[in-house]
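Below: one structure in structure tokens.
Labels run A, B, C and D following the written order; every chain starts at residue 1.
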Amino acid sequence: MMPLVRYIARRIVFVVPQLFGIVLVSFFLVKLIPGDPAVMMLGPTASAQSLAELRDKMGFTKPLLEQLTHYLADVARGDLGTSWQTTRPVTEDLFQRFPATLELVTFGLLLAIAIGFPLGVAAARLKRGVTRKVADYYGLLAGALPDFWLALVLIYVFYTVLGWIPAPLGRIDMAILPPPTISGSLVIDSLLAGDWEALRSSLGHLALPVLTLGLINAGPILKMTQSMTERTLSSDFVRYAEMCGLPRRVVLRQAVRAALPSVVTIISVLYGFLIGGAVLVEIVFSWGGAGQYAVQGVLNADLNPVLGFVVFSAVLSLVTYLIVDLIYFALDPRLRA
Amino acid sequence: MSALLEVQDLVKRFPLGGTRKTVQAVNGVEFTIDRGETLALVGESGSGKTTIGRCVTGLIEPTAGTISFDGKPMGRGRDIRSKGLRGRIQFVFQEPAESLDPRQRIGETLGEPLRYLGVTRADRERRVLDVARRLGLADSTLDQFPAELSAGQQQRVGIGRAVITDPELIVLDEPTSALDPTARAEIVDLLIRLQREFGTAYLFISHDLSTVRFLSHRVAVLYLGTIVEQAAAEALFARPLHPYSVGLLASVLLPNPRLKPSSAVTLEGEIPSPIDLPPGCSLAGRCPFVGERCRTTRPPPTAVGPAHYVSCFHHERVAALDRTVDHFARFQQESNRLLSVGADGN
Amino acid sequence: MVAAPILDISDLWVSFPAYRAEPVRALKGVDLAIPPGEFIGLVGESGSGKTTLARAAMGLVPPPGIIERGQVLFNGRNMGQIEDEARRAVLGRELAMVIANPRAELNPVVPVGRQISNIVFYHLSVSRAEADRRALEMLRAVRIPDAERRFAAYPHELSGGMAQRVVIAIALACTPKLVISDDATSGLDVTVQTQVLDLLKTMVAEKGASALFITRDIAITAHYCSRIAVIFAGEIVELAPVATFFERPAHPYSITLLAAFSHSPELRLRWTRPPEVDAAPIPAGGCAFAARCVRRRERCLAEAPLLRPLAGGRSVRCHFPVDESVT
Amino acid sequence: MTVGTRFGSDAAAPATRVDAPWRRRLRFFFAVLRARPSFAVGYAIVGSVILVAVLAPWIAPFDPLKADPSVYLLPPGGRHLLGTDGAGMDILSRILYAPRVDLTIAVLGTLVSALAGGAIGAIVGYYEGQRAWRRALSATVMRSADVLQAFPVFVFAIALVAVFGQSVRSIVIAIAFVNVPIYLRLMRSQVLSIRQLRYVEAAYVAGASDLAILWRHIIPNAIAPLVAQLSINIGWSVLLTAGLSFVGAGVVAPTPEWGSMIAMGFQNVVTGQWWPSVFPGIALGLTVFGFALVGASIEVLADPARRRILSGSMA
């Protein structure tokens, strides 16, 4: 598979400058955030002299360029500095928090695909009828609802009124001991550890946020699946397949197969977006994810977590784009020329 | 005085995405066009005829070779848009619908080239009306949009836009192949009439031999980026000397069941891809006269008559083909008999 | 007893509704019968309705078109009213279509060999292995160079000529009774076109099937068809055996079509009406070709001619056809 | 003997302007609305939201900023139709005033990004792949667009707001900055495909300058998809603004804005008072839904092929 290897090599060569660009831009951006980190750390009552000492130790007084090269060297070593809010290295914080975000986003997107994809294909096939109407309006409505608002409504209905799910506070019940972290996802870890109690509780806590993300993001997936399948259904080769008398299901399968690459693209774009975009749902459910951690960082001018989060999520989205390209490559033989 | 257009050793290679290989579209082409003359570039897909047309009009930059117009070479400093050349060379495209801006009215499209020559609005409107009438378009068409016109009318507008600046040379890239037979005949008649009136030279690019025969003074037959034969039109159609010209002429279908396409020279197989060309003569794989030399060295153009060049080692054997390949004369005779009767309603 | 026609189209009217305007009548009462083993050429310019006729023959009139009147019988079955499942059993199996630009109409992500095998697999319900074997056999029959390798090739990897041969292989894979070629060779180069047309004609004849050659180029019908039908603005204006047609076409439009190939502009001009800007609009009831006909008389404007038989197995839709005596 | 001179110029009567094209287009537009009720709903929503924003002072029952602690957390119904929030402010009045802030931010933000993104996209698209330095220019611009888009959008917006300070102006800048890559990419791909079309080449051969080609042929044909995206993007920006306010990085309370209203009502939901958060959410959702429908209609009307299918089905 020579072309595939060359294709990957070319893509990876692209990733490096992009990563460098991201670190550069975020470094200067964060440096512009007003508010003096030293004052934040020691509090307004600290003496000028101790503030100056701290600034010196943290290297804030050095010329910007020097700080940058210093910072780049650290990042290269994987050291993203320490957060004065948690007083722990940012890398450690992120490794502890990112799995929460990834678990939420992954399950949320899987639900969105489970809702959006089949509905989109069904809507493309039926020119009129109820399903078509439902799909059209759902596609537009889902994309229009604010996810944090829907979360609140779901909490009100399922917790306050019906009481079916546990209090929306964190990923697992306070009283239960979380299982040993292997994959970082509580659900999977408790399954692996066979701890049914922890599994029941983590699923219970996961239900509403995943439902929120699932319902909202099913919209764009549905719309893209519907429009792409409609386009392939009216394309020349499907018309020709009809003329050759191929059975309905075979024709539909071929049309969906041809529409798949674009659907995969929208899913990957959503995945990249949600890593930073699901923060509102994280806050409503006090999920303790990486997004929340970064937002706190910005609001309290704690620079390193923000920088760390940006670099982390950029790497993740670039990796997802790379995976998507590979899927594209596998799905469409024309690229393997 | 020197020819209007001179093309020397024109070469064009397109990089093939992602690999080091290149598409060898044009491989060393030479020809000239005099004022008021029509030279036809005849060839099938992959012959490079469209690429040559686009190089001449500056739409594509040649890899090597020189193109000189009115004695002076064209290049970076003197291209089609520079003051001295603007409006003197025009282009007519193959697809009528795509050559007109869908959001611009016909009158506006026709007059646009004059804008770039700094012609005043009043003069523009007058010349647009005049050209529209000369093309047989009603005045009301000027307010319409391209979508409201038939393919034949759209093509007339494309020609009108080219003729309005009274150019010395028009490059026409297969102007008739997208049209129905009746519309095609009208456009061909129109082109001949406009040439007679304005004395414009045409570089007529086509794969349709019967149209080429009808309106060109000289013909160059192209195969995979090289001119395999070049001659005056009557000479070439009467006595084609290159196997490819013969094969091309032999496969023309005439609308008369008795005039079967002759099987004197049948070119088997497919046109090879212009990406990795064989070393010797590019027709070697399909030619019935192929010899050892054909596979190794490229046959140089040899003069076989007044301004008649052919690039083939075996052109004498082709000439020796006694059976005439060309039934066109008989078809023309039959068609005249048929058309001369009944038009006046008896 | 003349064998029953494979395809029998009688008085077929097809129209397309248009927004805030009269519906566009694509076919206005077409009658056409194709006996078994016969090659009919249908010649018409763009907008004459020839492609609509081909689609109607398969019962697949493109939406929003509807069949207003008349019927299309294929092997005795009414293709207009046939249910979806029954039509699928006929199309591709008994009635096959060869289309114009194959590289756009073959599935871009499925190897061509597999696409031929699909037709055999679903229509003849044989095992996949048997279907693949037949597909390979068909690839060889259409003389595609080294068929084994091309079996796994994708449409975009083939040249125009080869893609066209694959489509012919698909059409003939299940030995159909009628093959419709919808301008199948228009996209090909001249030298390749004759090869593909010869191949199509010999293979269809070998299978004892009949063919409907739909084309813009009257010259193709001269060499590959036994009878020719000329269609103008949704009506068949002339139907005749090829020999008598080209000896002396009767309908003025047929003559204009031939005049397009002539190299004497004066004669051709004689058959084109000069454009009159303020000409009175042609009344609807008259002959559709009246606006362009040089032989037009009063009667042509008042009364639309019917398709009526003349000598020599010919029929023409014209009040004043150019008759044989004037040679 | 030329066909043209067969009839003189005076013989042809000047074409009477039976139906001005814009009147024809307007009639077709209303027919489309009748045929596709969902489009009509979209224009109705957007129209009424704008109307509400303009007429708010006259139609709002209470002063949106007056906090009356004695009537805090009243349930909907009675004098306060939609109830009051934790601070005793009337929810309905605040919802009616909110679009003034939300829409201005979203419209301004997207317009700025559309103009900037569109212009850069057009230049980059037109000059891509041509002479050396132009190819380098477009490559750098595209790579920086990739960098911008690799950023987690929401966190990036918050950071921008933090940098420029918490004001309406800085939110507009944040939204503009985040949306620029969308328009840049859209315009570039449009221009890349249009610049190869024959009528553009015809203008080139006739001697048109790059600017003339861009202005006369490329931009007019590339605008339609941009306008469709603009409408969808306004809706999305309203959502982003509300999100920023929700985390406290957007519009500062007590200015009436849907996002901050939802945030203020956040604690009460758990204890059963749902209305301070739910009603603003509905207004926000409806507005974004309206803009999405308008965007969808423009997408169909702007694309000649889909317009023909639509008019065919309307017959």
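In this section, contacts are C-beta pairs under 8 Å (C-beta built on N, C-alpha and C of every residue); 3 or more make two chains touch, one makes a residue touch a chain.
Here the structure is a predicted model, which is why all the values come from computation and not from measurement.
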| item | value |
| --- | --- |
| Chain at the geometric heart of the assembly (C-alpha centres) | D |
| Chain pair with the higher count of C-beta pairs in contact (A-C, C-D) | A-C |
| Separation of chain C from chain D, taking each centre as the mean of its C-alpha atoms, in whole Å | 49 |
| Averaged-CA centre spacing for the pair chain C and chain A, given as whole angstrom | 55 |
| Centre-of-Cα separation between chain C and chain B, whole angstrom | 30 |
| Chain A and chain D, separation of their C-alpha mean positions in angstrom | 25 |
| Sites on chain D at which at least two other chains make contact | 3, 7, 12 |
| Where chain C touches two or more other chains at once, by residue number | 275, 277 |
| Residue list for chain A, restricted to those that touch at least two other chains | 337 |
| Chain B - residues contacting chain C, complex | 44-45, 136, 138, 151, 180-186, 189, 192, 207, 209-210, 213-214, 247-248, 251-258, 260-261, 267, 269-271, 273, 331-332, 335-336, 338-346 |
| Footprint of chain D on chain C - complex, ascending | 16-20, 23, 63-64, 274-278 |
| Chain D to chain B touching residues, read off their complex | 2-5, 7, 9, 12, 14-15, 197-199, 201-209, 212, 216-217, 220-221, 304 |
| Footprint of chain D on chain A - complex, ascending | 17-18, 21-22, 25-26, 29-30, 32-34, 136-137, 140-141, 143-146, 148-150, 152-153, 155-156, 159-160, 167-168, 272-273, 275-277, 279-280, 283-284, 291, 294-295, 298-299, 301, 306, 309-310, 313-314, 317-318 |
| In the complex, chain C residues that touch chain B | 45-46, 145, 159-162, 189-194, 216-220, 222-223, 242-243, 246, 248-249, 252, 255-265, 267-272, 275, 277, 294-297, 320, 322, 326-327 |
